[in-house]
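If you scroll down you'll find the structure; I have some questions about it.
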Amino acid sequence: MTVTVPDALRQEVLEANLAIPAAGLATLTWGNVSGVDREAGVFVIKPSGVSYDRLTARDLVTVRLSDGAVVDGDLRPSTDTETHRCLYLAFPSIGGVTHTHSTHAVAFAQARRDIPVLGTTHADTFNGPVPCTPNLTPEQCAEDYEYNTGRVIVDMLASDDDRAAEVPAALVAHHGPFTWGSGARKSFEHAVICEAVAEMALRTLELGSPVTPPRHLLDRHYTRKHGPGAYYGNP
Amino acid sequence: MTVTVPDALRQEVLEANLAIPAAGLATLTWGNVSGVDREAGVFVIKPSGVSYDRLTARDLVTVRLSDGAVVDGDLRPSTDTETHRCLYLAFPSIGGVTHTHSTHAVAFAQARRDIPVLGTTHADTFNGPVPCTPNLTPEQCAEDYEYNTGRVIVDMLASDDDRAAEVPAALVAHHGPFTWGSGARKSFEHAVICEAVAEMALRTLELGSPVTPPRHLLDRHYTRKHGPGAYYGNP
Amino acid sequence: MTVTVPDALRQEVLEANLAIPAAGLATLTWGNVSGVDREAGVFVIKPSGVSYDRLTARDLVTVRLSDGAVVDGDLRPSTDTETHRCLYLAFPSIGGVTHTHSTHAVAFAQARRDIPVLGTTHADTFNGPVPCTPNLTPEQCAEDYEYNTGRVIVDMLASDDDRAAEVPAALVAHHGPFTWGSGARKSFEHAVICEAVAEMALRTLELGSPVTPPRHLLDRHYTRKHGPGAYYGNP
Amino acid sequence: MTVTVPDALRQEVLEANLAIPAAGLATLTWGNVSGVDREAGVFVIKPSGVSYDRLTARDLVTVRLSDGAVVDGDLRPSTDTETHRCLYLAFPSIGGVTHTHSTHAVAFAQARRDIPVLGTTHADTFNGPVPCTPNLTPEQCAEDYEYNTGRVIVDMLASDDDRAAEVPAALVAHHGPFTWGSGARKSFEHAVICEAVAEMALRTLELGSPVTPPRHLLDRHYTRKHGPGAYYGNP
């Protein structure tokens, strides 16, 4: 049975995928974005290994949340589809997921280090370090590998939806960043910011022993953009 | 009461804002430029959180210097508006202010280090290191945070307009660069140069223990572009 | 005697060459891609020192595999032609070769270090480190220098076609990367990936003592894209 | 008296200047290229402080080699004009000069270090390290500063035209690179290569203690592009 999702969702997912190479976050076909339709119980995701310059809305694949079955689309979905599905199931508040292999975020993942909070650029979006998972076990790699890639993120965050909302990004050890948000576009923006703060953090560390920013500064920045007292942006 | 500023000022502020992403100094909606009309007692600034690719002159917001009230425009002004206002009030000679989160300048801010003077590229524009402020206190963060962000710059420069003119840039600790100039365009150019010299300085430091350039070389470069004996450029 | 190759091959070689500057892998006229026609016993390669912005399919040069003689084309072939020829002769399974002086891969070559496997980005394509050759001897430099540049790669891989397929890239000491693949386009893609993983590796090393990724993770990534169990991509 | 130079020279100088920002070597109005007409005893150079996007052939300034007098053009020539003139007078074989503040070459200049020869990319063009001058003395800065900036290069090369031809680039301490060549275009290409090899060298040094490449490899690369046995390129 084919499940049809609103055109607006397909369009948002398409545009967020196309924004990845435009933002310099992807090499070749790397990277993927999805967006969920909670009511229909499905999400829409990029097909596997299709080059960005010939990607159209028609190529997107619709996948059922409950079991990962393809319910619309002619192509095979991204190999990372099961990771997206795992995150959607664990964190009910998220509406979009993005995965990239952006250079500096990958460097932290390869060094198996969190991206530390060194300034307001980070605190504007992420209320704490972007955490890096431990390694997947041989068993987690042997079967349901992609689902387990989501699993190590979910376990690291203790399946806590609030934590996922406060720091909408994680690094999978020796792999790279996954980010999420209220929708596909927001998850993409968090991927952009994750890479930007990773690069800034790396450059800061190059300048010598890191200096811890004061907690009151970070809190101020996070809360001016998030929560009931937020006053950033225009409707 | 609506205050109307000359179209030329709005145009200059618009163009300087649009030049930020074109120069690679901004991610997403980050960064903002303003320009002041001293006679009218107002300045024009980018609205908060509007994406650069749909920013028009109509979106700009006019703010009163004396109290920060919006006197023209439908949108909320940049969250950094009060920082701009503080700088305009403290330094009567400046006509434009730019704020970015450019990567290398932020790295120095996050390391809480001045950008040192290592060569003529720096000395051509900045007559001394680009200084980094101390941290804001908890009190400065708790109330009037954005105004106090300007305050720590003003205090660092001892409210000295001449010092502000000689080094038209500062780093706010764990935040990023603010630059200024005779107008909006000039303040933007100083943001570009601040980032360029920050990157050069970081690369130089990577090459080992820094070598101090001779004072006579730096003075020569600064004075050939500034002051009565300047001979750089064309009218 | 002129040997004519299929237009499709010439077109693929042309496009792969033009993709080099577009991908930021080349400065000026540096870099070259070739594609082979095993049946005709020839390969098609970029001419020497021609700038990318005026390169056309007509300029490509066809060279005989057995002796390196030019069998079609008005221009002199790339100075690296003999290196390509050596690789085609040693590794019967390869259909395309790319050479670049991309920055980070060259940095590893200049440091005479392999590009280590630090994560899945690397393991997705290369089943092991990208190895760096020893120096060419004075004799290898004195005569048939370009052919010997291929020779040191072939010797390092013990003339093993399987090894060449598992890690389709090598660094020539103090020179730079050569990559190969099933065709011209694939060899170019491997050049892109070689540069990307070199940059990621360098940034990871900047973050401190490297952490070895678990073998089971790397194997999983390599085998999901290669071999009988591969499930990445769309036909 | 106005001296008219061939249109082809003005066009080459214009294009070489416009190529500077296109190659990412310049910030704002920084950088300049000139080309000489030895017979007419003049050279053509970029005006001072004019932005690249409105630079036309009309804006170029013609300067007399013997005394630096402007003999054609309405604008003031580049402030670096006297440096160019000094190099033309000292090295009769050169036909073009380029000056930039490209990031990595400046980093070496600011660290007062030569760009070392670490591989064939360097040796293809520069037959030895790109040398960095000592500091200018207070006297050299006080009077005829720009001419003396050329003077320290000429002195470092012992006024040896052959040395200038073998390594057509130099770094002025705490300032940046000057490059030259048979004409304006060639001097620009050497500026591009100088920046590329500076970046590669810096990245190589990041990877640890540098490894010296064997002399026979470097010689081979230099001689295959230069001198009677050269076999690179097409006519």
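For this structure, a couple of remarks:
For reference, chains read A, B, C and D in written order, and residue numbers begin at 1 within each chain.
We adopt the following convention: a residue touches a chain if its C-beta (ideal position, glycine included) is under 8 Å from a C-beta of that chain, and two chains touch if they have at least 3 such contacts.
Computed from a predicted structure; not experimentally measured.
Using mean Cα coordinates as chain centres, the one most removed from chain C is B.
At the chain C-chain D interface, residue numbers used by both copies make up under half of all numbers present, so the two copies contact each other through mostly different positions.
Separating the CA-averaged centres of chain B and chain C is a span of 46 Å.
Once the centre of each chain is set as its mean CA position, chain A and chain C turn out to be 33 Å apart. Counting partners per residue, chain D has 206 as the residues that reach two or more other chains. Pairs of chains that satisfy the touch definition comprise A-B, A-C, B-D, C-D. If you check the complex, the residues on chain A that touch chain C are 27-28, 30, 47-50, 75-76, 79, 101, 103-104, 106-113, 135-136, 138, 141-142, 145, 173-176, 202, 205-206.
For chain A in complex with chain B, the touching residues are 118-121, 189, 192-193, 196, 199-201, 203-204, 206-208, 210-211, 213-214, 216-217, 219-220, 224, 231-234.
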